[in-house]
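The next part holds the structures, each set out as structure tokens.
Next come two complexes built around chain A: one with chain B, the other with chain C.
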Partner chain A sequence: MIVGSARERRLWNVATYAIAGFFGLTALGPIVWLVLTSLKTEADIVTAQGVVYWPSTLTLANYRELWDQTDFPTLFRNSLSATTLTVVICLVVGTLAAYALSREAFRGRQPLLMGLLAIRMFPAVMQIIPLFIIMKAIGLLDTKLGLALAYASFLLPMFIWLMKGFFDDLPGELEEAARIDGCSRLGAMWRIALPVARNGILATTVLIAISAWNEFLFALMLTTGADTRTWPVGLQLMIGDFQLPWGLLAAGGVISIIPVVVLFAFVQGSMVRGLTEGATKG
Partner chain B sequence: MNNYPTRRGILQYGAALAALGAPGFARAQSPVRLSYWHHFASQSEQKGLRRLTEMFRARYPNISMAIETIPNAEYLTKVTASVVANSRPDTCMVAAERFADMYAMKALLDLSPEVAKWDRKADFKPSAWKGAERDGKPFGVPAYSFVNWMYYRKDFFEEAGLSGPPDTMQEFLEACIKITNPAKNRYGFGMRGGGGGHQYLMDLLIAYGSPIVVDGKAAIDRTKAIEAVRFFSDLYTKYKVVPPSAPNDSFRQIMEGFKTGQTAMIWHHTGSLAELTAALKPNQIGTTLRPKGPVLRAARVDNLYNGVSNDRNREAAWNWVSFWAEPDPSIALLEETGYFPASFKVAQDPRITGNPLYKPAIETLSFGQNAIDTPGVEAWGQNQMFPEFQKILVGSSTVEDAVDAMMRSLDKTLS
Partner chain C sequence: MSAFQDSSQGQGMPRLALIADRYNPFYILGHWSDGRFWVVALLAPAVILLALIVLYPLFYGLSLSVHEMRLTRPDLGTGFVGPKHFVAMLSDDVFWLAVRNTFLWVGIACVLEVGLGMISALALNRALPGLKVIAVLVLLPWFLPKVVAGNMWALMLDPRLGVLNDILVHLGILAQYKAWFSDPATAFGTAVVIEAWCGFPFFTLLFMAGLKGIPNELYEAASIDGATPMQRFRFVTLPMLRNVMLVAVILRVISLVNSPDLLLILTQGGPGHSTLVLSLYAFETAYRGFDFGYGSALAVVMLGILMLFTFLYVRASSVGRQA
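Right, the complex of A and B next:
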């Protein structure tokens, strides 16, 4: 807490806003630049005069070209399906697993938790070949479910760890009271723990959804046809060895972030509460 | 008139029906779905591939293509996964630098039986086959070439009163000096001092008479290497005829610099012709041979191949990989992408010889060198030799020290 004269407090306020403004600009700058680039003509993107900050003409040609050149609706739908399936798998399996790991003290619990953490330490490229073989063996190669299961292989451990933290913070007495009143263990979780941990679940789900939405390597390796490929793969395939369509890529980038921005706009209140829960105690 | 069928007629019909039922005929006509993996991702490459596929479909209506695009950086990972999981495609693209890996993991089939019978085999120089050959057996058919040459701005040359592009390194330097005007942000040469620039320095060493590897052993001639490295680094440190950003400039930067008029000359290969001709007017862009060094004119010709990876549709697979070598498909690909035919016979086609822009590439095919295929040398060039050169550019090393370090690291690599 800043104590001092009104003048000092005003100075501190100015400094605080200046710093916040600086970081805000740093965060927003690249996004503004991306949007502007997507609205520029090629002549305004690569110029002899150096950087053109404000385009001479604003155009939607890059978006039109993107629509014509990529099977945008299919790619987008595939991304949406894979992300939704991943979220569902993580929510069902991850919530139950996190709850069990938080509440039950069973043999092998600690090694299991460490194992989940260790999975995250392997680079994705090392998991690709075993996953490819497994997916082929069970007939899930080139399917959205297969892709969602592959995403879950590295997102589920993160989900479980985060959710376990939220469950750990909940007082166990609430569920014990529910059990005395006749609730089963699962009933106590469903009726008591989950509603209380709602913000945490939401925050974790959004993080999972963003990771699945943006994932590229697994999507490329585990799918082959246009029917299953996702948006990040479609975007990457526009970059050639000797050509780089800046405008098209910028338009693609803008489209990629729209669902994330929309999702965040809806859940930001709960998400921030979820992320900060446990930060203050007492 | 007697309408009864004659004995000869019955025999003819019988023979025709037998032919229709023959296994060979049935095989040729039965529909085949052929898979092909490649790393053509840019718009012009995709357009070229589409044209090629349509032409192939017209020729072989019973073969439909299942084409999969894989970004270049992830190509080998996907091939590896498919080999391990035994789900290899029928056919695939093979870059010369990946051949050793793909061969080692048995991702490619020996094409000797087909190539031995192929009437177009002799359309390629023996060196064109070399990049995908093991023990004299071909594992890939040359699909197209990247022929190294020089792009120059005709309008800047005219403006500077220069009659034409330089032929020797000395003329090249003089042209650079004449054209450079920092006040106008104009420089003679777009030096690729960042990623990928090692190829040009390696070429330069050869052009100045210093071999790099002989019989698998390090063979740099110190005096000649010093001369070559000094010439190249002086462009930046002494004459200042390249953009100040040169030590960091990689492919994209030199391309944008040339397109926007910051530089008047760049060294690259035929692969960027489509992009540059689309960005510049015909009176602005010219192509020419890479300048000749004191000893020889050095320019790489890198071939890319198509291989057969799976036996299940072998005949159709061979039809596809050999189709790329025919004149019409080769020229269609050239028109869309600028990727040059690997076949010297196709390079003599009037549609190519009639275009003055292609002339230097045709000439380069006659003397161009393959990349050094001694294992480890390409990586040495990229990771050890070129950083030494960059040290000279930023002033933290001398030419002599840098060449000594290059020689030491090459010795170590090949020992």
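Right, the complex of A and C next:
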């Protein structure tokens, strides 16, 4: 994009690095501060005068205390099972539907695709209230399965839509060749299409998993007991009810975002492609 | 490997394999998949599940908005009340304040995010060493849980211990530490900036993808015609990004209108309703007030606003394109 004299180009390059540096700092700065806070002693956080930038002693005491003396391990496990259930539901049900929407021509395909997009528009509260009443009536309220089903109400449409995009990118010829060689339709999907699409499946799954892991609003309304409460709700309630010290709060934040960061780093390439493709194709 | 295959395909083996296949569930399923119900079978689980967890609750919610349902007042019953809740909204000052705040909240956040997203994407899209890594790191705020992002900022802005307060005082911008969220004059602005911090990477992501799709020849041609960098941006980049911008803005506005998460964590709508938006008002009405009828009616209004917005915005954009 930049053309011009060598001097002009150098100026643009300096400006580019300045802007990139600013954004890098803005994005990472707060997270770095959170990590630093989690490693500080109480005396370095709550100071009489001024802010202590670099901790006088680095300590894991906050992590130990959070893990040993609060409900956090239970919250963490609850989130893990709710997320796993959500992922299993979306993966099994969603992959099949996405495959059909990508590969087969049938009546009602277009309305179905549009309907999946329109679901995004429904306000969360509009789903939460009826789900609360329905789940209370059939005993799913305050269960991990109930929460996973509630998550699937907005994550499954997203999963199908993204996964369809990944299937669309794969050439159908491979499956046609398999069919000519005597493979059944199920065989062509199971042995050819799914293995070839595994990067897309992985990226979409990770995105769903992160969203379910982070979710706050549905979990706040649909869980009440300590046995089902997820970590975002538990952490927020600890802050409100028990005036959780900043050090513990920071440690909880860091522990909870580690899975997110690791998963994101793992598949960010394919995930970015899947997320942007729909919008850039127009 | 090949020896193994050879032996399994030796004399007499195919027939045996065929008989075995007939009782293999995968063979049966595979045979059946060539029949008429293949597509139905693939779609049925998703369609049935979505009907149960999306469509049924949706219609239930719509019907709740014209019914009475207050869990704290069972004496009122759950009868049909017609447009009562919608009429009540007209004279509900908090509702109108929330509507105003919603428009400000979504508008300001969106403008900030599009601006930040555009500047960062233009910079990070250049082929210079090191930028790829930053382009990935910049996405992190978007994947951060709102509970962590919100409390992290609350910690940095804390009126006694906040590091941002300290930095601003040292820079001479502030005279003393400020309680950002207790002052109605600053609570809203501060929360919007934090929301924009969480959301701008979404635009960075989409704009970068859009920029990659612009052929270099366009810029070269513009340069030969003597276009300045500003003109190249105005007449090449912006028009080429129109589609991406359309999709990105719609998706982001929908999620900004619908999710009260950050405000619920940071301010709970306070001080004095100054940060109360519609989604938060609806959620609090249901979660704290247990007034499911009025809460659903508020959600229906939100849905109406969003549908109107999407319709008008898409139409305005396609009219602009034809001109």
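One rule holds in what follows: the second predicted complex is superposed on the first by the 213 of 282 C-alpha atoms of A that agree within 3 Å, B and C clash if a C-alpha of one lies under 4 Å from a C-alpha of the other, contacts with A are read in each partner's own complex, and residues count from 1 in each chain.
The rule is simple: contacts are C-beta pairs under 8 Å (C-beta built on N, C-alpha and C of every residue); 3 or more make two chains touch, one makes a residue touch a chain.
Source: prediction; values computed, not measured.
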{"item": "Which of chain B and chain C A:266 touches, first, second, both or neither", "value": "neither"}
{"item": "Chain B versus chain C as contact partner of A:47, first or second or both or neither", "value": "both"}
{"item": "Touched partner set for A:141, first chain B, second chain C, both or neither", "value": "first"}
{"item": "First, second, both or neither for A:225, with chain B first and chain C second", "value": "first"}
{"item": "First, second, both or neither for A:238, with chain B first and chain C second", "value": "first"}
{"item": "First, second, both or neither for A:217, with chain B first and chain C second", "value": "both"}
{"item": "Per-residue touch tally on chain A - higher for chain B or for chain C", "value": "C"}
{"item": "Contacts of A:124 with chain B and chain C, given as first, second, both or neither", "value": "second"}
{"item": "Partner chain in contact with A:149 - chain B first, chain C second, else both or neither", "value": "second"}
{"item": "Overlap of chain C and chain B interfaces on chain A (superposed complexes)", "value": "46-47, 50, 125, 128-129, 132-133, 217, 220-221, 236, 239"}
{"item": "Partner chain A, residues of chain C touching it in the complex", "value": "26, 29-34, 38-39, 41-43, 45-47, 49-50, 53-54, 56-58, 60-61, 64, 116, 119-120, 122-126, 128, 130-131, 134, 136-141, 143-149, 151-153, 155-156, 158, 160-163, 166, 197, 201, 204-206, 208-210, 213, 216, 219-220, 223, 229, 232, 237, 243-244, 247-248, 251, 254, 257-261, 264-265, 279, 282-283, 286-287, 292, 295-296, 298-300, 302-303, 306-307, 310"}
{"item": "Parts of chain A lying in touch with chain C, wherever the complex brings them together", "value": "1-3, 12-13, 15-17, 19-21, 23-24, 26-28, 30-31, 33-34, 37, 45-47, 50-51, 53, 89, 92-94, 96-97, 99-101, 104, 106, 112, 119-134, 149-150, 152-153, 156-157, 160, 183-187, 210, 213-214, 216-217, 220-221, 232, 235-236, 239, 246, 249-250, 253, 256-257, 260-261, 264-265, 268, 272, 275-280, 282"}
{"item": "Touching residues on chain A, where the partner in the complex is chain B", "value": "46-48, 50, 69, 125, 128-129, 132-133, 136, 141, 217, 220-221, 224-225, 236-245"}
{"item": "Chain B to chain A touching residues, read off their complex", "value": "39-45, 66, 68-72, 74, 77-78, 80-82, 84-87, 185, 251-252, 255-256, 259-262, 271-272, 274-275"}
